[in-house]
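To start, the structure under review is shown below, and the notes come after it.
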């Protein structure tokens, strides 16, 4: 039985620590925003989890291509782990976004490009997982998963592009200036620091969870091999 | 002809074929025997270029797999226990389709030839859906020899056929095999195989454990030969 | 060693088949697959009737689901049409690829000495024809039922382009879906999130033409549609091998 690598243990501590720190920063360090009040604090986690949710897509797409080229099982595990984790993060992002939207735009939902694309991305993740579930043969499962992620990875930005041609009311907080978008606000230095720290935190947490999940996948494979060898 | 050396096939952690060696010359009709799950179908699929070998050398009709798969395919005729036929097309249309796929010249003439060979000329305009299992198998053989392949692979072709159909199938096989082709047929029916094959090989535990020519063994000894061969695999 | 001697013999002998893959072989294969699909459909007529009936039912349901008075109709027609086509399309795709899975015919295709991409293009073209035929029938029916003239050449162009993109990615995904256990419900789940760029552009372009916008106004959407068609065809062509081979 392989013990947890010490680097992973350290990463666990770091991840947990940053998460706690980030929460602390959000509630105690960052100032209260003038217009939106306390609700605005959701923003820090919302963007960070959205970032983590989309990062997984990139990782899965790269893992997919690499798997098709090399057919090495580890890349399939990387892709699967990335999608499984991103499903959760993206879901959190969508929900926190909805919480933020209610007082700001006066509705739980709006069909603007970013929100719609995020939902579609989430559906692509779900479809990926359902596809894998329906296939018995592990190699075929890996190949189909890789192909679907690649197709999705190409399609989702195109979706975003298509919808973007409409006007958006989603706040373009960093850069971009659509004067009609509501809910934008300027960030004070303290806010910026909190924001960047949140981004960093969630990247670390993402990496930590990825490592754990991949380890789980490798160990599960090992168990399968042992089972076969000892005819269990 | 078929040459296989040290063929290994793994599905994930499971090893199905572990260093299989086999050689078959032109004109031989090899019956590949073995228990269920021994890897006969897997082996055939590799020879058919449908499945890539994990390791080892495979040479069929003079070409290496998997690199020269395309060249191998044009010289290969397959009869599987799935018919590979379209139920919604007539026999003639099925053959015409495959004639196009294989680039068969003078297709109409060839189609008529093979149909008469398998005795289906009168039913050629009927939808394959309406065929009995025996007729479908015969049409499957017609399909397999349409492009005059050098090597034929048959995966338990007698499955699901009644006695008469089996006899008819054997006649067709005998006729087809006698034209300088190399034929490999998997079977778990010893008596059937004994009638038509020129050689018996036994696949067990992922390798060929025994091989004997028909002349070298008396028919009544076949069962013992087989039983002994499948028990042997674990020690190799 | 003996392999090489055999190769020499084969090269010397006149085979019944070509060894090299030429462009002619490619088109021959594509044509063969399309002809096979069309012939099978002519015999059974299952696909066509299923898709047609399904489309008409959807249009009927929409009639009750949406208050299609004359004014709202103009804005909503494009959407209704494309939803109809999208759903009926999955039916056709499922059936078309299931036919190959039946009796192991997919293996039959793979055993032939043809390029995999020719198989893809053959199936795609066949599916495209089926979808087009259904659309051609649905249009006049819709026109009659809702008193809207849908027979504008520009609209037909959009339908053509939109169907290409839909079928391009649909054939690829259907080939995967049909090899899974959950094959029937899987295709829409896989296809719809991914085909949205095509559907969106098609709806916007259709809507634009139906509302009488000029060609130059709608051109942006048409360009997008063409771009998506090319992209999806290219991607599907590149990955199709991985979806059929072992």
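Labels for the chains are A, B and C, by order of writing; each one numbers its residues from 1.
We adopt the following convention: contacts are C-beta pairs under 8 Å (C-beta built on N, C-alpha and C of every residue); 3 or more make two chains touch, one makes a residue touch a chain.
All figures in this text were calculated on a predicted structure; none of them were measured in a lab.
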item: Chain at the geometric heart of the assembly (C-alpha centres); value: C
item: Chain pair, A-B or B-C, that carries the greater number of C-beta contacts; value: B-C
item: From chain A, the most remote chain by mean C-alpha position; value: B
item: Separation of chain A from chain C, taking each centre as the mean of its C-alpha atoms, in whole Å; value: 33
item: Interchain centroid distance [CA atoms averaged], chain A/chain B, Å; value: 51
item: Averaged-CA centre spacing for the pair chain C and chain B, given as whole angstrom; value: 35
item: Contacts with two or more other chains, residues of chain A listed in rising order; value: 139
item: Set of chain C residues in contact with two or more other chains; value: 246
item: Where chain B touches two or more other chains, by residue; value: none
item: Chain C - residues contacting chain B, complex; value: 2-4, 6-7, 9-10, 15-19, 21, 25, 28-29, 31-32, 35-36, 39-41, 43-44, 99, 102-105, 107-114, 246
item: Residue ranges of chain B in contact with chain C within the complex; value: 1, 3, 45, 48-52, 59, 61-64, 70-71, 73-76, 78, 80, 82-90, 93, 97-98, 100-105, 127, 147-148
item: Chain A residues within the chain C interface of the complex; value: 68, 120, 123-124, 126-127, 130-131, 133-136, 139-140, 143-144, 146-148, 150-152, 154-155, 158-159, 161-163, 165
item: Touching residues (chain side chain B, partner chain A) in the complex; value: 11-14
item: Of chain A, residues touching chain B in the complex; value: 73, 137-139, 221, 224-225, 228
